[in-house]
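Below is the structure I would like to discuss, written out as structure tokens.
Labels A, B and C are assigned to the chains in the order they are written; within every chain, residues are numbered from 1.
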Amino acid sequence: MRAVHKNTLYWMAVTFILFPVLILVGLFMRAVQADQLGGAQAWFYPMMTLHGVGMVGVWFVAAMACASDILERYCDPSAAVGRFALAGTVLGVLLLLACVFLGRFAAGWYFLYPLPLKGEWPAWSAVTFLLSITVLGATWLVWCLDLLRAIAKKYSLSRALAWHYLAGRGEPELPPSVLIITVSLIAAVAALLAGVIVLVLFYVELLSGATSDTLLMKNLTFFFGHTLVNLAMYLGVAALYEALPEYAGRPWKTNRIVAISWNAVLLIVLFAYFHHLYMDFVQPGAFQYIGQVASYFSAIPAAVVTIFGALLLVYHARMRWNIASLLFFIGLAGWAIGGVGAVIDSTISVNVALHNTLWVPAHFHTYMVAGLAFLVIGYFYHRCQEVARVPENAGAQAFTTALLVIGAYGFFAMFYLAGAYAVPRRFALYPLELNHGAGYSLAALVFASLFLAGFLLYLVSIWTRWFKAMGARA
Amino acid sequence: MRFAEVLVFVCSLLAAAAATAATDGKVLFEQKCTACHTIGGGKRVGPDLQGVTERQPRDWLLQFIVAPDKLLAAKDPAALKLFEEFNRIPMPNLGLSEADAQALIEFIATAGAAARPAAPQPAAQPALPQPDLGSLQSKALAVFLAITAVIVLVFIWVGASTRAPADVNTAKAYGLRRVLFITAAVLLTALLAATLPQAPYAAGDAKADRVVYVATRQFDFVFSEEPITSAEDLGRVRRMERPEFARGELVEFRVTSLDVNHGFGLYNPQRQLIAQTQAMPGYVNRLRVRITEPGDYKVLCLEYCAAGHHLMHSGLTAK
Amino acid sequence: MPGAGALAFAATLALGAGAFCAESVAGESVERLEQRLRERAIPDIPLRLADGRTAAISTLGQQRPLLVTLFYTRCSGVCTPFLLWVRDALNEAGGLGTDYDVLALSFDDADSVRDLQAQAAALGLANEPGWTLAVAERDAVARIAGALDFWYRADPATGQFDHSALLVAVDQGRVVRALLDSTTGNRRLREMTWELRGRFIPFYRTADGGALRCFAFDARSGEVSFDWGMLLLAAPALAALALVAVLFGVTSRHRAA
């Protein structure tokens, strides 16, 4: 049995610590919106910023840890770079905590230009935030490039992108997870470079006072943010391709269709971010229409190839159900459901009614929590259990999964309903006319607490397995 | 001719210079204060300033207007109390001189005396009943729930099938995939063809009945019939407190921002979001809306813009 | 002498900066003045046309929207250059005579039909489709000038008029858009013609920012074109692809070895 690398185990620990803390931050936000924490209202936006950057960051590194673990099976990522990424991430998180808790920095996770420079927080906290993002971005860029280097050492670029399948040759075989990771890492490098440009323009303004074009900055920011989140999801899907066959007892291989669809994803993912700027009429119409077309057609490789493939894998299979395979299966459904919410919102004429309402957090929480997070914690469990081989309690695992699912979907439902009722996102308190938003917040608070309880139960079940996997290293 | 041109030119220069060095309290108030304060219009992001000249000593007011950050840093009790009362959103240092502050205090004192006594605020405003879903929103929700139901049923069906393990005919499955692929592609293309022409920027060739300029800033909407492209304009143009429209009018809102990105979200009297656009510094978005029903419309900021974001709202009326 | 050179240089810089500031200040106020003219009703005054016919403004604007400008033939100042600018800019923008017409109205009641013909010939407009030169009675001119805030005054010393420059787009008797300043270049005139032709442009810029904008609206074609900032937007994706290609290229040598 393949041992779990120490770095991967550390990444798991990082996820297990930060995720519940950030859930608590989210609970705090819903409590303020439900008008339950009147005095703490001033902390809403700093906490919103922490929750956003934190969650995006945690699930990006967790998905990257999965990718790195998968690659170890096929090639040789550098352990030193892995440690470097861990150290850089910890440093970035510390800087983030400092600017949020000491400086009350609150420009939102996407720090849309020029807000970081024009808020009520002190200038040093904005600088600290930018430094935090710089440290995180630079570290992750190095990490992505190292994983790509490891892939390149084994495969040529055309092999890694499965172009020989396009030409009709099935040999040499390429694991689909490697294809997906390669595609995602290339997109990640592009996204992180966009982030670098945004940061450089910020620093230029800080040093020289030269302002930047707001439209350009908005485009770059969403190219950076959207793409990074989007491909974190794809890395989670790579983990699914890798692990689900072991539970279904059937192989899941690359074929021509898989190759075509993931190559198409590489192209589509670069244009989908345009849907964040639909309500900016200054953006040329052509870009808006490309945004809708790209958002729509990103659904085909996902739905028709991956989800259909996974369902086919499970259909009438001699399936070994445990918390990992349950989370994989349900995580796939979460990806699909969140995707439907996203495609609806990516329709320009519908976006008019849904843009920046709670519909937006509704759909991205669906595929980030009930999609990506389920896939990743499923994979983490899968890897620990693979090594630890602790007897499983099916009832407890089913209960934990049920708690996670009920908590998550109840929580999402409040977002979807409030979004349909035009309650805006990112409001600390709702105006009188929209105070039904507070009711949804209260219900969401209850469901999110259930989810947190479910996650703590999950931690209880993975606890011993993680320690055993750690011990197996020594 | 030439002389006249020069004359006009010089006059406009002088006027501009006068405006920037203004000691005119009213102009300064419009430019620097109305984003957060009213005089007799109730609390906004900051306190209602009616009667403030009687509540606080003049010296303190002068100090606070010129350098609020210093007073706060020095833990001045009155400044701290305000800070806590107004959700820890500090009054920013606006770079005003003592002369400016003096002019402002004079203006606030006279305007406050002239303003009618504020109507007593209703003690606790009752929660309004939940509004109906907008038609677009209810369609979106219905489509979402229907597709979600199909997804859930398919997953349950596939999950349940594992109770009876069997070999699967993959050739048949790939046939099904082909059908699915073609169906999805046709469906998505049809949806694109149906929805793209509905985009707000595609339909707009009709002539607008009214043009209203909207300048946004932290944390305020300024309506005017004349363009506002800089903070200086705020003191020069006539501001519409609450624009009024006739029913059926096609109104063009020309929306821009004077500081950070904001959103302009228009809610109809049923509290349904009917139109929106972003407000971006340096650009003007032209949003066209047909005002179809009479009543009070609400305008909310739909792009996060810092601590007063949720307090940034305004309204208009249709008759 | 280097001192004097430096002084001259500084003076030039200061003048340049002053001119720049002045232009932006004047530009803004002009925009507001233009905005005030929107939706103003145009009085339907009778005109005497260059071909000797008489017609009302409403009949001229019956078929198509109308661009209206005011001038007088004896002007030794801005009138002729202004009309030439309008002529050239409209030729460039296209649509004249098919989507809209131009009325150049003399505000000097001393101008005769013959004067108008001579002016049209001098400007090369005699046989231009879409151009109408006309003159009106003193009272009628005063009414239309009043409606458009057009300012003119005879200077007895020179025999010339002091006056402002004006071009308004009129549709169904009302001002759609006005242009008071030809120095803003052809861009705004072209935007004006697009609006007259019913083309909706969903945005415009408030200030000319730096060099790194993503897009520029080309009013000549009515299309949006890419600006330098676009390069910056495309850079991450292109750089990523190049970086990955190099990475795989370099590593492949190790792989072969």
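Methods note: contacts are C-beta pairs under 8 Å (C-beta built on N, C-alpha and C of every residue); 3 or more make two chains touch, one makes a residue touch a chain.
This is a predicted model, so every value here is computed, not measured.
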item: Chain closest to the middle [Cα centroid of all protein chains]; value: B
item: Pair of chains joined by more contacts [C-beta pairs], A-C or A-B; value: A-B
item: Where chain B and chain C are represented by their mean Cα positions, the distance between them in whole Å; value: 32
item: Geometric centre distance via CA averages, chain B-chain A, whole Å; value: 30
item: Interchain centroid distance [CA atoms averaged], chain A/chain C, Å; value: 50
item: Touching two or more other chains - residues of chain A; value: 213, 215, 281-282, 285
item: Where chain C touches two or more other chains, by residue; value: 202-203, 205, 209
item: Chain B residues counted as touching two or more neighbouring chains; value: 200-201, 282-286
item: Chain A to chain C touching residues, read off their complex; value: 145, 148-149, 152-154, 156-157, 160, 186-187, 189-191, 193-194, 196-197, 210-213, 215-216, 219-220, 223-224, 270, 281-286
item: Chain B to chain A touching residues, read off their complex; value: 87-90, 92, 125, 127-128, 130-131, 133-134, 136-138, 140-141, 143-144, 147-148, 151-152, 154-155, 158-159, 161-162, 164-168, 170, 173, 177, 180-181, 184-185, 188, 191-192, 195-196, 198-202, 218, 259-261, 263, 265, 267, 271-278, 280-287, 298, 300, 302-307, 309-310, 313
item: Chain A contact footprint on chain C (complex, rising order); value: 202-203, 205, 209-210, 212-215, 224, 229, 232-233, 235-237, 239-241, 243-245, 247-248, 250-252, 254-255
item: Chain B-touching residues of chain C, taken from the complex the two chains share; value: 22, 25-26, 28-29, 31-32, 35-36, 38-39, 75, 77-78, 153, 160-164, 171, 176, 198-207, 209
item: In the complex, chain B residues that touch chain C; value: 1-4, 8-9, 12-13, 15-16, 200-201, 204-205, 207, 211, 225-227, 229-230, 233, 236-237, 256, 282-286
